[in-house]
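Each of the two complexes below includes subunit A, the first together with subunit B, the second together with subunit C.
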Partner chain A sequence: MLSATERKPAPPTDAALMAHLLRRAGFGATRDQLDRYLKDGYEATVEALLNPPHSEPADQDLVDRYFIATVEARSPGHAVPHWAWRLATSEHPLEEKIALFWHGLLAVGGIKLDHGLEMLREIDLFRRHGLGPFRTLLVEISRDPGMMYWLDNQNSHKTAPNENYGRELLELFSMGIDRTGAGAYTEADVKAAARAFTGWAAKPTMPPFFLGPFDMEFIFDPADHDDGEKTFLGRTGNFNGDDIIDIIVEQDATARFVARRLYLFFVSDTPDEAEVERLAGVFRSSGGEIRAILRAIFLSDHFKSEALRFRKVKSPAELVWGVVRTVDRYRIPELDVCDLPAYSTYMGQMLLNPPSVEGWHEGEEWVDSGALIERVNFAVNELGRTDSPGVRRMIDSVKTSGRRLSPTALVDRCLDAMGALAVSERTRAILIDHAGRNGSLDTTSEEADDRVVELLQAIVATPDFQYC
Partner chain B sequence: MVAAKGNGHRRTTRPKNLVVIQLSGGNDYLNTVVPYNDGRYYDYRPVMGLKGESVLPLDDRVGFNAEMRPIKRMFDQGKVAVVMGVGYPEPNRSHFRSMDIWHTAEPSASSAEGWLGKTTKVLDPEGANPVTAVNFGRGLPRALAYPGVSVASVGQLEAYGFLTGIAGAAKRDALLDVMARIYQPSGEQGWVSERLLGTGQGALRGADILQEAPAKYKSTVEYPADNAIAQSLKGIAQVLTARVGTRIFYANHGSFDTHTNELVNHARLWRELSIALDSFWQDLEEHDAADDTVIMMFSEFGRRIADNGSGTDHGSGGVSFLIGNAVKGGLYGEYPGLAPAEQLDGDVRFNTDFRQVYASVLEQLLDVEATAVLKSQFEQLQMAR
Partner chain C sequence: MGLTNFTYSHTIGLASFEGRGFMNPVDVRVNSKGVLYVLSRSNAQNKDVRVSVATLDSDYKFEFGRWGTDPGKLTMPTALVIDRQDRVYVADEHMHNVSVFAEDGKFISRWGEPGTGPGKLNRPAGLAFDSHGDLLVVDHLNARVQKFTPEGAFISSFGEFGSAAGQFNYPWGIALDNAGDIWIADWRNDRVQKFRPDGEFVAAFGRTGSKPGEFRRPSGLAIDDGGDIYVADWQNDRVQVFTPQMKPREVLNGDATLSKWCEEFLAVNPEQRDQRIASGIPGHEERFFWRPSAICTTSDGLVMVADSCRHRIQIYRRVRVPVTAP
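After this line comes the complex of A and B, so read on.
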């Protein structure tokens, strides 16, 4: 067995904290990327992550040429490689992460919308507005033709309002309900909201090219809008949809709901009520600015504490694109980028197609036995590709860290090379024991590459690696 | 083994194993069970109408597609129940949504809970057997999804399990050995939950069990190699005859989305399926497992009554099948009328709710109380012998 000093894991480092930030605010970082972030420092990195430039990536032309079907995409299946590439290569990981967050919260299912172009536009809407004021985001999504169609606002008329959008806006998008199904609003509020959104709809437009898919755009039809007096959450007036959103974002319930969902997505699968309350306070004081809440999360001692590292089960998207970014596989949009969404689907998350308006069931529910096999096999296979530049760098960095590595040093060097990764003490001990079967490693020997790769593969097969 | 015995449902003989075959894409009911004596059928299907030798009459009104000869033989032996006009209120003609509805048994709201996942939970509440339900295919169909229920999803039985991409048995075994140790619950596993470790243990055990099945399996039956559903059913036969406690099997066949060139494609799909079923049933008989097994086949919807010149578009009312020695064969329900007044927006109108079929399977064949799985009571069809 290991001696007491050997069992003791390395003390937490700045690199480990930076890796924690990048796993949560993005999809992890390679060891080299971490070094660059560390040069800027933690706070500057948080600011840079929170303020992506919103410009079209320089490689967009290349992506369009490689993934021709993603241009004016017909179906979500045609569209998704476009996002797969951005997820794999974006230099603004929080922009993609926040899009993933809202994609699961303001969920529009491809099963009904079945419109690739519109789904991609929605993801872009989340990139553009996902970090800004919550009010703007709700105003924009309420003018999103895909959302209007998905939640039947299409069929909501002055004379016969359809309550679907009004209800989900309150229940799933902003104020929420508690475990008993009760909300801080009544059925009458749902009806009033539905009336305020009458006349907001989507209409088909001409295809962008011959035999192309029919596109859609938002329309407001004043003749079909109920302009009468409504009472909503205690206020009375001739409200339209924007007025309803104004009132919603003032509600305490909304501040708490948004704070809780951000906490669950970015911090931990188990909510800390005091912290959620503090973040709700930031929502109120910042005018509901998501960026301000995330800043308050990432800069808090609570977030930085070791007790919160690896406390979230990785979603399939986090696992797939986290691994792909770690191994740094892609230089150009190779065709097998298009396979990545399929792996995520096998693991239970089909991008551009949340299972329902509730989004995905997250946390521990991500991992059933079939999904675990897919997760482990995907990660193990990727780490086994020694032609991937990221894997090559990991091997080289371990080999150049010493002429002869003890099993303990070998395990710790591998974990560090994977991006200042950690595993629990017990897992580490088993890995060291396993590495010790063949004694210490002569890093100049012929077997060195194989032994390093085998250990990298063992690390991604651990239960610890399922968490971020 | 069987828990949650309810009151008021008829306990039959030994509970059966259920093999569900999903006909994905919308199987054309009218060209599967053909109303060959109804002139309207030919009026609506000038191109796609099947006649003469293309139909195997079951009675003086309807007949099977001629590609279904092996199924017809089983029908004549009284083993095939055909459920006519099956569907649900306010039909949805989207593949995905309609399939979701069949998977969750929940037509009015989105749900992430599958009816067979829930059934698995009832059959094995503690998750004692990691292979109580086995899906043949990659990724879990929502029918089998349920919180806390682990279902093995097998692409290829021989290649199933962890680390199958690693070349070299020694390397793979060494890594599997590490995994077996790391996934062992110990009370000091750091941030990893008991639940996740249990899932890992279940997956490792399940993979061991399933990988052994092909080695134990011997049969004189040959399944055609170039027939995907036959290969899935062969895998099912291997697991079923290994008798490892699997109660629910799931396989997928398709695509039945025959908007174009239907005469060729629909015929091919049923030919493949019939041959596969024929092999499978012989195999079960050879292994003395035919009495314990029931097959259910369904599709998310039927197709339009009128053809479009080369195929048919998405419709609603469809047909489901139950097959087995334990099944009371015959035609269940009325063939929906084709007269314009009896149609539903150009489709045949459903007259049997699909949840009636589920309720019948659950109570009469699996010995599971239907209301433990379905949200309300549904009138059952007496489909068990």
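After this line comes the complex of A and C, so read on.
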């Protein structure tokens, strides 16, 4: 991890800050996009990000036409090109980012569910409800047939409750446990929650093997529901699942858990306890609205501080789709959009298939020697595609910034062209030294394109580029 | 609602990654000997593309044109058509070319290269032969229809991008009527357009919607011997049939029963059979079209629909021969 003091003071403050926002609330932004956001201003951009229209993208029909198997996605592998395209091209990046966040927190694994259509519906559920009240999200996910199947709730009966969903709802989805494994709830609370969710299940599903998949359906069977009296977190009543969720979202532990997870995902891999507590307060005062917490994050001096920029290790998804968006690769759903999830998988994150109900372990754990090679190779290859419109624009931007560029100017122009990036002084010095091996750049020379591209590739190969 | 002009005949198909069965079939044709050719699109990443050959009574024969970019391979195939010599032509929108196979699947040749100039292709979609034996190719990202000799020599083209009469927006399917007039499924304009053989615009019908006579992304087209027009109304999951005067005649929503191959699959996979019964699906959703992409009519009154997302071909028989248009 690079220390804050190692970093070069960020250039043009507004652009650097906006770039920081877009890296965290999205997957980064091109220099052109940054300029458009800057015209709107920081606060207006935050509001726009927080309030996506939730409409189907205009090009969804084309995705369906070119990737027809995603329409009837029988498996996560068949489904994931659909999300890959949205991640690569969505004009509402926070909508996809919050879906990615909840996909890792309310994790359902494709290895068991193995129903691509249902996985895509869950991602869409996260888009629609991921920024709204946490209660609504929990109610929706508790009626999600994929989740019910994943956590065995179809096997939870009035006479024999299965505790899996009730336990994970408390431990991993809402209240959490501390380092000792203790939670702000007891084993009796888990059992009471499990009883409250009896009768909530996924309807038996048509096998997909011979006609493709059919929609999964949630069913509630009142005859199989335990409507007897239960005591849960100190309250007693004939609770059902919705009542349990109502009680959960009132808990301080829930406010702190959600605040902490949002902080870790959007702000820093290292939690600032005072800031987490402030965000927990926003959870309580807003009725648990995720949008309000994110607004409180993005508008805070804490988030805006230079000390927090480039402090988070990019997840594989952030790296892959961040690079693809930076180079602005796609105009239509080309065949190799289908390959993007595989690159993310090689780096350790298989979308639509979190490794367990715990989701992914984030932060420094993303990067080992094998993953690092994949990350660097992927980024270098993409920046080397001079037919990508974004790469072309970067080259042109650098070349039109002056007739002759010193190594220092060349490095700084490249960093700016890549979306107001910053690197540490040490890295910058190495890059300048590298760029200087061939002297100043005559931007009208035949070698200009190649030298700019080589430097763009060198930048994405630096340790600094692994952070957002 | 019952059918008026058609009866449901039977269904051929089973989802399969190779061998007997299909994977997202996007086109279907019958050769002069009554043999069925089905083009499976799959997702190219899943590499299950192929042309499957079978009889109309579900006797599976063989397959060819598996995934790849080498000669004789297909990557993102879009359409299939058969000439008078029973040679099979397949358009590929990833390789921007047309591959030609013998009726036994043996690769003969391929032609076409990417570009925007005359004779170049940018994602070829629908294919149809005219009465002279020349091949019309819907060159969909170039928003035009191009005519080639069977060997790939460019002859002519018409069309441009737009929504005005004679313009196209991501066109897909193509069919020719007995007069040689050309009908195009103008996919993103949600309409069907008719042209003279020389490309002169004649008429258009349809608009965006789900009522009779409206479309949501029409894909495949067919014209039967009586001049009736069949439109695969893709996003509406139905086939609309129109009179030669372009008036709605009937809507087909799908009537599939289990195919012979499905019956055989369930017979040897009893747990699948039981799971199917437990789901309560049989006899309801199972029968409907899901993204029908293409239609093929035959001179003996069969109407075959490539039911893309159910991996099958639904076959109808026309029972009332419509009055031929003047």
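By our rule, the second predicted complex is superposed on the first by the 448 of 468 C-alpha atoms of A that agree within 3 Å, B and C clash if a C-alpha of one lies under 4 Å from a C-alpha of the other, contacts with A are read in each partner's own complex, and residues count from 1 in each chain.
As a working rule, a contact is a pair of C-beta atoms (placed from the backbone, for glycine too) under 8 Å apart; a residue touches a chain by one contact, two chains touch by 3 or more.
Everything numeric here is computed off the predicted structure, so don't read it as measured data.
Touch criterion met: A:D61 reaches subunit C, while subunit B stays clear of it.
Counted by residues of subunit A touched, the larger count belongs to B, out of subunit B and subunit C. When the shared chain is aligned, no partner comes close enough to touch A:A44: not subunit B, not subunit C. Within the superposed three-chain model, A:P207 lies in touch with subunit C and out of touch with subunit B [touch as defined at top]. Once the two complexes are laid over each other on the shared chain, residue contacts for A:A69 go to subunit C alone; subunit B is not touched. Contacts of A:A188 after superposition: neither subunit B nor subunit C is touched. In the superposition on chain A, the residues of subunit A contacted by subunit B and by subunit C do not overlap at all.
Across the complex, subunit A meets subunit C through its residues 61-62, 64-72, 74, 77-78, 81, 203-212, 214, 332, 335, 338-339. Note for the complex: subunit B touches subunit A at residues 94, 96-97, 100, 110-112, 130, 135, 138-140, 142, 145, 147, 149-153, 161-166, 171, 174-175, 177-179, 181-183, 186, 188-193, 195-197, 199-200, 202-203, 206-207. Listed in rising order, the residues of subunit C touching subunit A in the complex are 14-15, 23-24, 26, 41-46, 75-76, 93-94, 141, 170, 172, 187-188, 217, 219, 235, 261-262, 265-266, 269, 272, 275-276, 278-281, 285-286, 290-291, 293, 308-312. By the touch rule above, subunit A contacts subunit B in their complex via residues 109-112, 114, 309-311, 313, 345-348, 353, 355-358, 361, 364-365, 367-374, 376-377, 380-381, 384, 423-427, 430-431, 434, 437, 454, 457-458, 461-464, 466-467.
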